[in-house]
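Pasting a structure here, questions to come.
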Amino acid sequence: LSVEIYDQFTQVRQLSEEICQPLATEDYVVQPDVDVSPPKWHLAHTTWFFEQIVLSAYEKNFRPYDPDYLFLFNSYYESFGKRAARAKRGFLSRPNVEQIYTYRKAINERMATLLSREPLPKEARALIELGLQHEQQHQELLGMDIKYILSCTFGETNYPSNIKPSVALANTMIEFAGGLTTIGATDPTTFSYDNESGAHQVYLQPFALARRCVTNGEYRAFIEDGGYQDFRHWLSDGWQQVQTQKWQAPLYWEKRDNEWCEFSVADWQPLDPHQPVVHVSYHEAQAFAKWSAARLATEFEWEYAAKTQASTDGAFLEDKVWQPEHCAAQKNDQLAAMFGNVWEWTQSAYLPYPRFRAAADALQEYNSKFMVNQMVLRGGCCATPRKHIRASYRNFFYPHQRWVFSGIRLARDL
Amino acid sequence: LSVEIYDQFTQVRQLSEEICQPLATEDYVVQPDVDVSPPKWHLAHTTWFFEQIVLSAYEKNFRPYDPDYLFLFNSYYESFGKRAARAKRGFLSRPNVEQIYTYRKAINERMATLLSREPLPKEARALIELGLQHEQQHQELLGMDIKYILSCTFGETNYPSNIKPSVALANTMIEFAGGLTTIGATDPTTFSYDNESGAHQVYLQPFALARRCVTNGEYRAFIEDGGYQDFRHWLSDGWQQVQTQKWQAPLYWEKRDNEWCEFSVADWQPLDPHQPVVHVSYHEAQAFAKWSAARLATEFEWEYAAKTQASTDGAFLEDKVWQPEHCAAQKNDQLAAMFGNVWEWTQSAYLPYPRFRAAADALQEYNSKFMVNQMVLRGGCCATPRKHIRASYRNFFYPHQRWVFSGIRLARDL
Amino acid sequence: LSVEIYDQFTQVRQLSEEICQPLATEDYVVQPDVDVSPPKWHLAHTTWFFEQIVLSAYEKNFRPYDPDYLFLFNSYYESFGKRAARAKRGFLSRPNVEQIYTYRKAINERMATLLSREPLPKEARALIELGLQHEQQHQELLGMDIKYILSCTFGETNYPSNIKPSVALANTMIEFAGGLTTIGATDPTTFSYDNESGAHQVYLQPFALARRCVTNGEYRAFIEDGGYQDFRHWLSDGWQQVQTQKWQAPLYWEKRDNEWCEFSVADWQPLDPHQPVVHVSYHEAQAFAKWSAARLATEFEWEYAAKTQASTDGAFLEDKVWQPEHCAAQKNDQLAAMFGNVWEWTQSAYLPYPRFRAAADALQEYNSKFMVNQMVLRGGCCATPRKHIRASYRNFFYPHQRWVFSGIRLARDL
Amino acid sequence: LSVEIYDQFTQVRQLSEEICQPLATEDYVVQPDVDVSPPKWHLAHTTWFFEQIVLSAYEKNFRPYDPDYLFLFNSYYESFGKRAARAKRGFLSRPNVEQIYTYRKAINERMATLLSREPLPKEARALIELGLQHEQQHQELLGMDIKYILSCTFGETNYPSNIKPSVALANTMIEFAGGLTTIGATDPTTFSYDNESGAHQVYLQPFALARRCVTNGEYRAFIEDGGYQDFRHWLSDGWQQVQTQKWQAPLYWEKRDNEWCEFSVADWQPLDPHQPVVHVSYHEAQAFAKWSAARLATEFEWEYAAKTQASTDGAFLEDKVWQPEHCAAQKNDQLAAMFGNVWEWTQSAYLPYPRFRAAADALQEYNSKFMVNQMVLRGGCCATPRKHIRASYRNFFYPHQRWVFSGIRLARDL
């Protein structure tokens, strides 16, 4: 077993560094928005997690690598004491990139030593698995944050642009009868977070779900129909965002020479109307749905559909395309790309499931303290590691956030 | 029928003015917080509603009473064009109190003329009913806002203090088996809002609900146990509120000479430990529940319980005590004061019900555009008109707001 | 002597109440801008000054009228302890208008008793004189604040509009040779503030000063020439104000039906091009001067000119026109309306004179703590009591403030 | 002549790069405060100045190096069109450090070609000289900004710490008789800015000036006497800064283990009581002076004293100590270190001199648009190039800024 964990550990840790490989040293440092963290911070924080959560508990004669690091690279855990202000992560030029790679190497070696110790207690193995899941989440955040950082610069990036254009599948609806269904993680042999545990019955009304997500072309029609100027499509809080933030289009859309362009992590390119729309907030997803005389799915409808009729996948992190793939073909009239491509906003608020029990100790802060004011997204995206996602997985963001690879799948009452 | 509506109209309109009767002219004018509106604004806005929604559609040769008023006394309806900034309602000394009472009188007379016309179309009657429900909501807001305004002043107010102290009922839990139940307004013969319509099946897990709401004494124990200093009880957004707003206790609690005092609309008085705690935010309700190893009910659990086992009522607006009554006696082990006393925070986000259809035209803005970022409260309070409340009624506020007469009833999984 | 002081006291105190006589009760209460205070606050604060500064020191068996008032009606004196937040003066509906008039009456009577005591110590007489000068300053502030408050309302006010229109005098320049001159208050027998004391030598270069202030018509030409769109006229901080505040014209100018209108305290009226421009900030005065290839005078040039060649006066508070008068006639080619009409922005920063000594004790806070970041204005305005002004008087405001009755007189190098 | 300019050009350009030599790549990128610019920005902006101001006017067939750079590296010149937001300089990871050094090299070569062209017009030579003076100002800013950036990091920097400690000179006062004196730049053969031109007569009262600047030890006594807790020492705006910014000591002072430490660009070290105090705002300088029963000098007093009785110098940029030197010895009772060490706050506001004429065209923005709300500092500091300073040089900052190497020299009336 330990060999297996060791391999997994090595792979995950290596992938984080691979993601950053095309970056210039300067790209690792900046924080152009409070939601964005410098890549070097992610590399350090995921390492801190192993040091603070695993090594400090299971390593013999544990000593901190550097006491300052325990302060600097804590993200939001109040349990571990004071921490550097989130908004100031981009103020710190040091520890610099080289020092952080050295830190990663040192902790990797100490973890390797720990993993070679037989037998590792079950609780330690669980924490290591959590540490790897945690690093996978930050791999996705790295993808989001690097895209944001590079979008602020001028000139080419070193990231590839290797998406294969195609014509989007017709967007028909697939119908579901509803009724009582079980929601939540049910397989005790695979990893799941505390927030998806507590499988329970939910009663669903009949509903229909779109075969694929909304495309750039469809979203552009909403813009051209005056969608951002008509309050009637928007929730009150969303309308306020539109006005104070002067939103006119999704994040990373810019009109150049009177043509809409979109930033991929590689460069700016003319908008591809068949590509799934991405980087929309909940407010925009909701407004688009209302304009379409449709709605978003609840997270329960989504999970039920994903468990019963999902078929091919969209793009994942391992594909390194950093953008959703075109949904051009689909067998048997099933739901296309429920997993990968874009996180799909649901109209469900992020709340505890019945009988929810938060993880113990400091880890109770991992998920449960965010259960207010956020909305659930489902299905993973092109920056999600393939093995990280599952039908019961609940992601959550604030309704105004849009640097996420987030998109829209329409639903309807039947 | 019209006679009945006319009587109702007269009673409701009169009650708004009765509520304000003890005010000094100056009390009608100020806006000491952006959430609070000057009483004269409420008196004018509820009148505007009849002018704008009813008279402009059904009065022959309709002419605005004053074009400025249509601008000044619109609250949040984008459909009716530009409107005075909410935060600046307290900047306007004119139209003054006398002018607004004159405005009320004029519109009342025009409404009386309209109501005497036979037969009034069904749609008109529905809008008038909505206008009355709307005014009842503002009667409650008047209660909240007057309390806030008077709390900022010095010296005595002219409001009575006539609560009857008593010893609080023991706070045992009542158990419910759960299962499939119908949620939402089901009686087509009584008024209901669009947001509670669409009766539908919901599956409930077994749960228990407290017989009465949390008291001041119980809440004080939470404070004395360091509740406001321990992040573990709080959601992340709530903890941020505690720190930035320096919350130490519910709104209107102040320590004087080392003893907790509470402001009622009459004056400051020593805290009564048997009185239900009131003026807590969702964050405080949630933190208190977590500290108590309990939770808040979902709005579905609450509605199910209210429909099956509610018994005596708490205080309502007509009692003119302006604070919750003590729950001292209770027959048959039933739930005390589910209606009246304090709005009870639920852990449900304010979201559309299945098959939700917003009201038509401008009235779609009445409820539906607020369906994000807010939490549901149930049951009405001591400032709610008795006839205004029902088991399916859904109120909603932001999780940080606490000038509402809002309290806490605990729930538990079984 | 005491009789004389008593008469003066009575007259000044009465005049404050006369200024407010046309107000509705509601007008006394509001604070539509942080710089504006509710009229009832001014009436109370000037009374507090006599209670706190004079009575508490010289009255036998002094007892506060109401301890809350000492807190509520302190303006900015740190020496007297904590005080109500300036920005929240409009949050307080009570003490209400009637209570404040009662307070005034009570303190007036106690002051009368004190003044009847013979002989009053010299220090007490000095403080009473200061209290009267202080109240005169607040009479001017009342004029400014009432205008602002009424400009936010709708409909007519009860203030008169009795200005006599005329054609403005030609705006020629009068030349001064400069050289060494004495600046500052020199007559020990008349009242002066600490900030104008310390007469001292200043060397002036030759300069010229405009016979009259800039008119609305001249200022409108600046606007029509794109003055608010061309950064080259503006100081950097001023340009930032223009952009963030979206300034397009002086305060109280509004374009209605494509014609510029101006609010006087009476009502909105079409712009009179011959009227002196008023309610401009230092930034606007400086930009206009630069656009005119001229500059503002230094406070030393102004004072020298005022002492040597001023002739007729402009409007003062006692004229109750509440706006500057037209400068239509002028004998002997002298400077018109150096006193009254509008405060004239100088290009001098408000700084201490050589050998400046602040007044003693709490009164050191009266003037000296503001000696940074503000600019000097000279000459008084249409809201200044005639006896309050003199050639050496230094007024000061921040460069962005414009609810002052402030205008522009051009100067040039020779 | 051109050879001389070429050498000067080469030396100045090289010195900027030398200053940055100890930086890690990451240190070049960050902007931990809105006033601080990333070092790579300074290196690029000073290059932009030569490209935009000199080459674009005098190079044959001028072509921009990169059109984006003209946008990115404009600082505050409205004349050259839109520019990158100052607060977002730290958001840009690219152009990266290597690209900016390449940019410098390319412009240096084009400048070398231009300088080899004979004869260079007089206006071109004047602009080149201005470009070099401009780059020297940015060398000082580099010193200030690098210190701020490194103070935010953890661990050692690569900058030296080679100050020679000593015991401070006794701080006696030197008296000046005053009278009429000439202020401003008078030598037409040496460079001066527009803001110091226009030599003119100023009348000075008798005054005394301290032989040396205030030391850390003296300033610590002010702190220990409760200086930051007593409003009476402070101007009103300063007191507000103290409270909102929670100032307790100069910038870069921290109490560690109950002992005051100070950050030099090298590291944190225990406070040296004999070192001149540095990094105080105008507000702190003024408060300290008031507490000392003294005042700050006017800029005229300072200039007069500097022209008549200055003797030894303090540290300059070329000394690369990055902090003021101790003033331990001084011949003939003269003023020590009037030049170098610390910029000395004066109590003069930064205003135009009589007959001030701003430089032409875009260069009018260089100095004149800042002539409001700022205070004058005199004498240069340890980050100023030796040749850059002179007695008539007027520096200016806002009264709240303190990342400047700014200190205090006391003055008194006689």
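Per-chain residue numbering starts at 1, and chain names A, B, C and D are given in the order in which the chains are listed.
Just so we're on the same page, a residue touches a chain if its C-beta (ideal position, glycine included) is under 8 Å from a C-beta of that chain, and two chains touch if they have at least 3 such contacts.
A quick note: this is a predicted structure, and the numbers were derived from the prediction, not measured.
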item: Chains contacting each of subunit A and subunit D, listed by label; value: none
item: Furthest chain, CA centroid comparison against subunit B; value: D
item: Chain pair among B-C, A-B or A-D whose interface repeats that of C-D, sharing over half of the contact pairs by residue number; value: A-B
item: Mean-CA-position distance for subunit B and subunit A (Å); value: 38
item: Gap in Å, rounded to a whole number, between the CA centres of subunit C and subunit B; value: 47
item: Centroid distance [mean C-alpha coordinates] between subunit C and subunit A, Å; value: 59
item: All chain pairs that touch each other; value: A-B, A-D, B-C, C-D
item: Touching residues on subunit C, where the partner in the complex is subunit B; value: 24-32, 68, 72, 88, 90-97, 149-150, 152-155
item: Touching residues (chain side subunit C, partner subunit D) in the complex; value: 76, 78-79, 180, 200-203, 205, 231-232, 234-239, 282-283, 286, 295, 347-349, 351-352, 354-355, 364, 369-373, 375, 399, 413
